Amino acid sequence: MLIGRVVGSVVATQKDEKLTNRKFLLVQVHNPQNEPTSQYVVAVDSVGAGPEDMVMYATGSSARQTELTDGRPCDAVVMAVVDSWDLGGENIYEKWA
Amino acid sequence: MLIGRVVGSVVATQKDEKLTNRKFLLVQVHNPQNEPTSQYVVAVDSVGAGPEDMVMYATGSSARQTELTDGRPCDAVVMAVVDSWDLGGENIYEKWA
Amino acid sequence: MLIGRVVGSVVATQKDEKLTNRKFLLVQVHNPQNEPTSQYVVAVDSVGAGPEDMVMYATGSSARQTELTDGRPCDAVVMAVVDSWDLGGENIYEKWA
Amino acid sequence: MLIGRVVGSVVATQKDEKLTNRKFLLVQVHNPQNEPTSQYVVAVDSVGAGPEDMVMYATGSSARQTELTDGRPCDAVVMAVVDSWDLGGENIYEKWA
Amino acid sequence: MLIGRVVGSVVATQKDEKLTNRKFLLVQVHNPQNEPTSQYVVAVDSVGAGPEDMVMYATGSSARQTELTDGRPCDAVVMAVVDSWDLGGENIYEKWA
């Protein structure tokens, strides 16, 4: 998994029917120091993540191991909202700070 | 998934027989600011995307979760035509604008 | 899938027995403008591609969806010989030109 | 697999229910010379790795081949704690040195 | 697959039990001109490769299609020892030269 920030969302009406009612989040990948990188992904939301949330996403076949993505043409899923992380013993991010 | 633009198509007669009648789209990847990157992919069309359309594509085994790609040697599929997306609260792309 | 050119082949006698009689092609990846990139792959041939042919290859589990690669430790397969492609309305490559 | 060092951990309460009680390790990838690279991954711990440990992790569907990750939306798993490795006949890392 | 050279091996006692008695090779990726690149992988040996051998490895779920890796948390396998390859009609590498 990688850590990222929800920076937007994508709307698509004309899509595979198995993706109806799925929410597509635009996620900017962050590095362990919590700086944005140039990498991004569009991931289906499986946990009710909101704008600006720091999240984790999984890719590949692992992205289909949630109820909302099982058997669907989806290669990335937001499977967790991040509360906090530490790096080298130092707290880097704290959601409720 | 990543966002890209349909910039062309590829014709191949001599191919695995399970790929007969599949349309191969040449898709240039765009970044969240809607600028083209140097990354591209050839993806099977599963939604009737047209030239110049902004689309999303899925890769890996997830690319085989559509009726047109199931069980076939295809590692990328266009599974949605993008209507619009926003980034940081700002509308970046609007198909019908 | 990506587009590439068959630039060579690899011989390996000491290999997993399920790969006996498979042909390993050395494929240099090309960009949509038909310029070679620094990326390459060794892919099993499933369509009878020849030296210098422009081909498409699929990777990952999708590379095992052909008769010749099913159930084998092979993560890339040439699944099509390219006849032609266009980019932005312009013909970029034509096999029979 | 790649080699990395456990440099932190990630806490996430709001997550896919199949990930309850899984520990998410922040792993910085190292090169064969044991220098940190800019690449990182968040991986589920399946072997009881501790802070500062050098570990190996597996990605993709292979990350789900442990008891703790089977059938879960997890695309990276720490599946070994590294004792030592050599490079070109020279010992590069020794855990108990 | 990619071509690489066996430059070392990794020892790990504390690991997923399904990986007991598997040998982990440190493989430096080479380009088609047989020059080392900065990319490496740790791969399970399935063919009895030795130090300095040029090998091919497969990744992802394809890495689990050998007897030694089936159902195990392993995302890279050495599935062939390379005898030779050519590039543009020129012999680049010959094991027994």
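The letters A, B, C, D and E name the chains in turn, as written, and every chain counts its residues from 1.
In this section, a residue touches a chain if its C-beta (ideal position, glycine included) is under 8 Å from a C-beta of that chain, and two chains touch if they have at least 3 such contacts.
If you're wondering where the values come from, they're calculated on a predicted model, not measured in any experiment.
The distance from the centre of chain A to the centre of chain C, each centre being the mean of the chain's C-alpha atoms, comes to 33 Å. Taking each chain's centre as the mean of its C-alpha atoms, chain B lies 20 Å from chain C. Among all residues of chain B, those that touch two or more other chains are 59-61, 63.
Taken pairwise by the contact criterion, the protein chains form one closed cycle in which every chain touches exactly two others. With the ring opened at chain C and read toward chain E, the chains come in the order C, E, D, A, B. Chain B meets chain A in the complex at residues 1-3, 31-32, 46-48, 56, 58-63, 65-66, 69, 77, 79-89, 92. The touching residues of chain B, counted against chain C in their complex, run 7-16, 18-19, 24, 26, 28, 38, 40-43, 51, 59-61, 63-64, 71-76.
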